[in-house]
Structure formats: C-alpha cells, structure tokens
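Chain nomenclature is as follows: A, B and C, assigned in order of appearance, with residue numbering initiated at 1 for each chain independently.
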Amino acid sequence: MVEDVARADGPGTGTAAVDGGGGRASGEAVVAAEVFPFPFPERRRLLEGVRAYGLIMAMWVRSTMAYRASFAMTVFGDFAVTAFDFVTILLMFSHVDALGGYSLPEIALLYGLSATAFGLCDLLLGSMDRVGRRVRDGTMDTLLVRPVPVLAQVAADRFALRRVGRITQGLLVLGYALVTLDIAWTPLKVLMLPTMVVSGAAIFGAVFVAGAAFQFVAQDASEVQNSFTYGGTTLLQYPPTIFAKDLVRGVTFVVPLAFVSWLPALYVLGREYPVGLPQWVAFLPPLVAAGCWGLAGLAWRTGLRSYRSTGS
Amino acid sequence: MRLYAVVAAGGFRRYATYRTATAAGVFTNTVFGFIVAYTYTALWDARPRLGGYDASEALTYVWLGQALLMACAMMGGGFEDELVERIRTGDVAVDLYRPVDLQLWWLAGDLGRAAFHLLGRGVVPMVLGALAFDLALPGSPWTWAAFLGSVFLGVVVSFAVRYLVALSAFWLMDGVGAMRIVSLAGLFFSGMLLPLNLFPGLLGEVARALPWSSLLQVPADVFLGKHTGWGLVEAYAFQGGWAVVLLVAGRLVQTAATRRVVVQGG
Amino acid sequence: MSERETDVADTAGEAGGMGEAGVMGEADTGGETGVAEVGAAGEPGSADVARGVTRRAQGGPLGAGVDEGGFITLDGVEKVFQVRRRTGLLRSERREVRAVDGISFRVARGEVVGYIGPNGAGKSTTIKMLTGILTPSGGRLRVAGIDPSRERTRLAHRIGVVFGQRTTLWWDLPLRDSYRLMHRMYRIPDRRYRENLDRCVELLDLGELLEVPVRQLSLGQRMRGDIAAALLHDPEVLYLDEPTIGLDVVSKVKVRQFLKDLNAERGTTVLLTTHDLTDIEQLCSRVMVIDHGRLMYDGSLAGLHEVGESERMLVVDLERELPPIRLESEGADGRPPVRVVKVEGPRQWLAFPAAASAAPLVARIAAGYPLVDLSVREPDIEAVIARMYESAP
C-alpha cells in the first residue's frame, strides 16, 4: 500500500522527507496521516504555530536591522511615547499628594504592571490590527496558501522589536514602585508579580485576537480594538477608585481587563476593590486568561471561516 | 484660488469615504474621553481651581482635546506620510514642475481633511461628553465663532510644522524617525496629556510659548472664555505669528529642496 | 491589450508604419504578444488536437473521455457571494452574485492548462477554491484527492501558488533569506532544498540576485524569484496568476521556458491565468475559457480559434515588390483559404484561419516566391473570445 502510493506520487517521492510534516515529499507520511488522521491535532497545530511564529519573527527582526538608524529612533520613540503617560502622572502629582486615595508609588505599581503586561503583549501580537488591511488589499490570501496556521502568521506579521521600548519603560516604573513601596512581602505576593505580568499579557492578547477576528467583518475598524487595548492599559494605570462604578464593573465582568492588574495588585497593596468581590478573585488571572483565549480562539475561527466563505 | 478650493473639497471627501474608520475613531475618542475625564475629576477633586480651571472647565478641556485630536493632527497622521513617500520615491519631482504652489496645494488638502475631522471625529465625542458630564459650553455665539477661528489657525500651524518636517525627507533617507519625534512633541506640547497651565515653572513657560500650544491649549482657552477682547487678539496674534513664521520657513526649505532636486536631475 | 489590438488593426488596415523594418522579427518584438515564430505557432495548429475538440454547451458536466480520475477534479462547483450594495443613506440592497456557477472539469497530472476569461469572470475565485482559500458554496472539488477547503494546510505542501502582482518575498531582505524561510516553513529536507534551489537559480538565472534585497529587484527579476519560491517544496501543482504581466520581453521568455522545462522534466501540473496569448500558445496544451462563472470552452487553443472563427496573419517579406501572392487552389482537400489583405512594397499580409497550420502555407509560398523573412501574427485573444460569444446560440 505504502509503496503503491509512493509510486503513484510520481517523481521525487523516492527521496522521502524525514519529518512527518513534509507532506507530499513523503508518500509514507501522507498515508500515515490518512490512516491515523492527526493524532493530537490541536497540540500539533499549536506547536506548528509557535514554530512558524518564530520563523517569521526572525525574518522581521532581520528586516528591521536593514535600517539601523531608523530602528534606534523608533525604539526611543516607543519608549518616550509611553513614558509621557507616566510623566503626565508625575505632573499631576506635582499638584497633589494622592489621586483617588492612592499615593504615587501605589499608582506606579498599577502603572508598571499594566504597562509591562501590555508591552509584552504588544511586542508579541502588536500588528494584529493589520488584518483588516490585509483583507482589503488581498494579501490575506498569500497567508492562506502556506502550510502553517494563519493566526501564527498574522501574529508575527510586522513583528517590531522596537516595542521593547514600551516594556522597558513599564519595567522601570515597576522597579521604582517596588523600591519605594512599603509592602509586607509574602512568598505568595512575590509569586503573584510575574504571574500577573504573564496572565495580563495573555488577557490583552486575547483582546488583540478577538479584535483581529472582528476585522474580518469590519475591515476599517482596527481603531475599535485600540480603544480596548490602548484604552484599557491607560485605564489600568490609574486606581479603580477614580472611575465610575459601572465602568469598573464593565472592565471586571464584560471585558475582564481588571484581572490584568487591578484585582491582583490591590491584593498585594492590601486595598479594597471598589466593587465588592471576594478576596480569592485576586488569584484568578491565569484562569481568566485561559478563558479569554478560548473565546478569542472561537472568534478567530469564526472570522476566518467567514472570510473563506465571502472572500472579503 | 478656485483650484485650491477644489483640492480642499477633495481632501474633505477623501476622508469622508472611510465611514467605518470614522465610526471606529469616534468610538476610540469617546472611550479615551471617558478615561481621561475620570482622572481629571480625581485631580480637580483634590485641587479645585487647579490651573485656573474649575472642575467643569477641566472636563470641557478633556473633551475638546478628543474633539480636536484629529482635526489639528496633534499626533500627525494627515498628508505628511504621503508627501514623505513621494519624496522617497522621487515622485515629488513631478509635483515641483506642476503649475501649482506645492505648499498651498498640500495646505488646501489638509484644511479639507481637518474640516472633515472636525465634523466627523469632533462633534459626536463632544456631544457624548456633554451628555455624560457637566461641561462649560459657551453661551455666546461669538465665543463659538472665535473658537472656530482659533481652531483654523491651529490647523494651519499644525500643517506648517508637519510640512517642514516632511520636507526633511529630502535630506534624510528615511523620514519615519523624524516624523515620529515630531508627533511625540505634538502630543506632549499641545496640552493633549495635561493642560499646559499645569506644567510647572520653566517647562510650563516654554511649553506655552512653543507653536504646538496653538493646537489645543489656545483654542480651548478661547472656548472657555479665557481670551476675550484684546486677549483674543493676542491669542490670534500668537497663533498667526507662528503660522507665518513656520510657513515662511517651510517655503525656504522647499526652495532649497527644489534646487536640490533640479541639481540631481529629478 | 490595446497594444495588441492596434497591432492587428494596423496589419489589416492601410496604416502600418513598419515598412522600413528590414527584419520582421526584430521590428516586431515591441509588439510582444502579437508575434510568434512560425515553428512555435505551427504546433498547436497541427490540428489533430483541434479536430477532437467540440465546443461544449455552457457549463454542464463534460462528456466522456476526460472522466478517468483527474488529478484536479471539479464537479458542479459553485461560489455564491452575498453582495450588499448601498442604495440610500441607510438602506442597502442584498444581491446574490454567482461568481462561479456550476463549473466541472478534470485536469490530469502533468497537464498545462490556461484558464482565461475577462476580468471578473470567476477565474481568481476558482483558483482561490482550488488552493483552499475559499470554501465552495456547492459542488465537489478535489486536488490530489484532497478537499482543499477542509485540509488547506495539508494541501499547501503539495501546491505552489504565484500571485502575479503580490510578491511573497521579503522586501528588505536578500532573496536567499526568503528561500531559507520556505525551507524551514515547508520543512523541505536539506538535500532536496539545495537541489531545487540550485536548479531554480540556474534555470531562472537568479545566481547574481540571491544576495540582493528584494526591493532592488526589477519586476521581472522579482517574478522569477517568486516562481522559484513557490517551487522549492516540489509542489505537484503550480497555480500561476498572470505570471508574465508587466514583465520585459527577456523575462517573459525566461519564465515561459522555465515553466515548459518544469512540466516536461518534473511532470508538474500547471494551471495559469493570463491575458497573454503567447503564454497560452507556448505553454498550454489546453485552454479553458470562463465567463460569468461558467465554463464556455475547454479544449486546445487551435480549437478555440476554430470556434471563434478567427484568422491569423502571415506577414511575408519578399525580395522585391511583386503583385499579390496567388496560391493555386488545389481542390477541396482542406487547404486553408488564404487571401492577401494588404501589400506594401515587398511586404505582403496574408490572412488564413487561425486553426490551420502555417507550415504548409509557408512551404508553398517559399516554393513559388523569393521569400526573405516572415512572421505570424496571432489574433487577439479577447477578440477571439468576443467572437465566440457572438457566434454562441
């Protein structure tokens, strides 16, 4: 059977591919895939996606390095534009001692966590708002004929190393906060910091993916996504006490951005969350992130399917 | 003159075609308006009459910022990307030989764009802001008219700055970096992040004297009735002065650039 | 297109500013597609292929003869789009557009097929369904036994796609870097990759371009680069969307020769859309014409001419000025009716049916007249198709 297929496959099959992903090059692999269709499809797709992401990312980094001077300028620009957000807060604190009942170091902690998490996500998925443009100019099609998941290709599209500027700035503010804050550190609280950054980045990431999926339907609507991502991170840089309760509820229960920094950070700071919630909610960010990705993945599939049935 | 009117109308229509993008932009302006409005509320709760504004004036300032962000192109994002691209590809040589004035041509287009952005991106956030918060809206139609005059001058200043920077692409291979730095300056020194009245000491004085204050700080103060009578004339003179200086500078650079293109043979 | 149309019009009419040209072939290279050498033109004309072709009724399943398991198989494939059109400020109208309306055909392994038709006829929609980009709304479609829309990524390993004007190469990086990415992305075994790359580099003349950033390549160089990129993983099918559009003459020739070799040596099945008749003539053993989402014609190029009742033009340069060439009619043994349509000094234009071979005609002229040079002008493909519609029932 195997030999038959190999022969039928015509010239070139003799030098069968070593790895299973080789597709046509190995008749055996084709047969294997037909007899045992994708043993662990989801896991395999995930690994394929991550691998493809890495390959494409490396290409973009090399592309960027073709213009070193411009790269240096844009790294600085990214650093500066986010630094302005904190400069604004500093300017505010030149007039007041507390904002919404929070001191500067406390706000710096909120700011640092949110900016770092968002920066991480922005670095990894920052160009997902180009989906609409790709649909409009037809280059989405070139991604669909490749043997790797489209989501990975879109996520790695225009990977911009300059965005480390944003992370750097977030980490600097976070460092300032940790040095100046007077917190009774417990192992749990220490562990919560990196968890918050990673889950926070993942929650923002899910918003990016869902937003990208929405662009299959409305190609010009990338700005809507920006109001949730950039707007979200701006919101989280301030304490929840200054916002209307309904707004706080909205970002807790509807678009769960509050889990990026507010809920866990307020636990670390030992403060009350303005919308009454049990304390254990502070430990939910990883679960919330997973849930968000589940929904975002579903949205992405729906979006891609609609594109493939309408072509626009 | 007719020609430039047509160009301006074209600039208006061009942006008017992107309906979804405009709706999405309005949404974003509104979201940011809400976020910033709450932070200002917290600030003015702690320090009423900060910077000479009361709480409702401060909130008005927030929504004016959102309404004018695109119209005055505080972070850039008008014609300049296209101009830089034309310079980079050399297409600009064709423009230089056209029987039109390059600077006026782009200015007319940018005024058309600004007019659309003022209506399409400015009105709805302002209305929503006024519905959600207690804003200090002028009662007199003269104040509204004076405000529009100040916005017009702000757009011209904004154009003049961006034109000047875009022309730097004649000498720099890649204009992106320079544009980025200028858009940062626009964001910070226009008063978009925080009213310039709140900037302390020397920083504040410098910020208020720079051209970018014409983009938001001055129009907002006109709107809030801080400049009336001779004060209004002074405000106009400040904006108009910067506009003239920057437009003349742009013209000089344009002449030098033209010579450069001619020398290189296009 | 207009360029070629004027060419043909020139030939037929009295204008013609080519009298001063000594050597026909040289003078005409500017016309690009209008000219073909006699030998090449003769092949598709030699008409046993053409005879076998009958014009098929609109759409509908094709008759017997091609039913034996095709490599690419379409059975009544449809693609219907819902188009919203704004009719007022807030009102909009929904309309169904049948971009592909029940198309059926089979392509055997190793065939080279030209897929042509006016813009918006449904060509690219078909290609998008064949590559798995679009999901068909109806019908059955298989490529190498795979349902493209359901197993898109698996199919991707077995097909190569070149989108005419959208490069997939990395703009700011040397050409070689893009190939390295393909190497890793398609998991091409090292030895295979090196062999294929060497081969492409040699045949497509990419040697000196490998280290050049793609943004510095000319359109023709980039197209060659794109074709190589699509072939490194040994695809069994190659889809080309307008592979020669905008290319200079040299690049066109290189690309065509390469595709011919690829098909001959590797047996790669090629499906190409084009507006360039010379592409079809030099590459394709078979042409499919699609319009309004339906298959209008499926057969040889010569047969298409027959259906379109088009004529080719033989342009001969004689030693001196002579009266119009007259060939003795040799009875009704299928010899083409030839007529001289224009004389200009020593140059004469002779029209003959496009489906017929030029070779015997040339032989007969050479036997009776002092022949210096000659060339054959092809009819414009769009004109042929238009005439085909006119003659449709």
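As a working rule, contacts are C-beta pairs under 8 Å (C-beta built on N, C-alpha and C of every residue); 3 or more make two chains touch, one makes a residue touch a chain.
The model shown is predicted, which means the values in this text are computed figures rather than measured ones.
> Assuming chain A simply isn't there, give the groups of remaining chains that still touch in a chain of contacts.
B | C
> Of the chains shown, whose Cα mean is nearest the mean of all protein Cα atoms?
That would be chain A.
> Compare the CA centroid of chain A with every other chain's and tell me the farthest one.
The most remote chain is C.
> Just give me the whole-number Å value for how far the CA centre of chain A lies from that of chain B.
Distance between chain centres, rounded to whole Å: 32 Å.
> Per the centroid of Cα atoms for each chain, what is the distance between chain B and chain C, given in Å?
The separation of the two C-alpha centroids amounts to 53 Å.
> I'd like to verify one number: the distance from the centre of chain A to the centre of chain C, where each centre is the average of its C-alpha atoms, in whole angstrom.
So the centre of chain A lies 45 Å away from the centre of chain C.
> Give me the residue numbers in chain A that touch at least two other chains, ranges are fine.
Only 67 qualify.
> Inside the complex, what are the residues of chain B that reach chain A?
Checking each residue of chain B against chain A gives 18-21, 23-25, 27-28, 31-32, 34-36, 38-39, 41-43, 46-47, 50, 174, 176-178, 180-181, 184, 187-188, 193-194, 198-200.
> Per the contact definition, I'd like the list of chain A residues that touch chain C in the complex.
Contact set of chain A toward chain C: 9-12, 15, 17-19, 21-25, 33, 52, 55-56, 59, 62-63, 66-67, 138-139, 141-142, 144-149, 305, 308-312.
> For a test of understanding, state which residues of chain A touch chain B in their complex under the given definition.
Counting only chain A, the residues touching chain B are 67, 69-70, 73-74, 77, 80-81, 84-85, 87-88, 91-92, 94-100, 218-224, 226-228, 231, 234-235, 238, 241-244, 247.
> Which of the residues in chain C end up touching chain A in this complex?
81-82, 109, 125, 128, 131-135, 137, 144, 149, 152-154, 156-159, 161, 163, 166, 168, 170-173, 177, 181, 184-189, 191-192, 213, 233-236, 266-267
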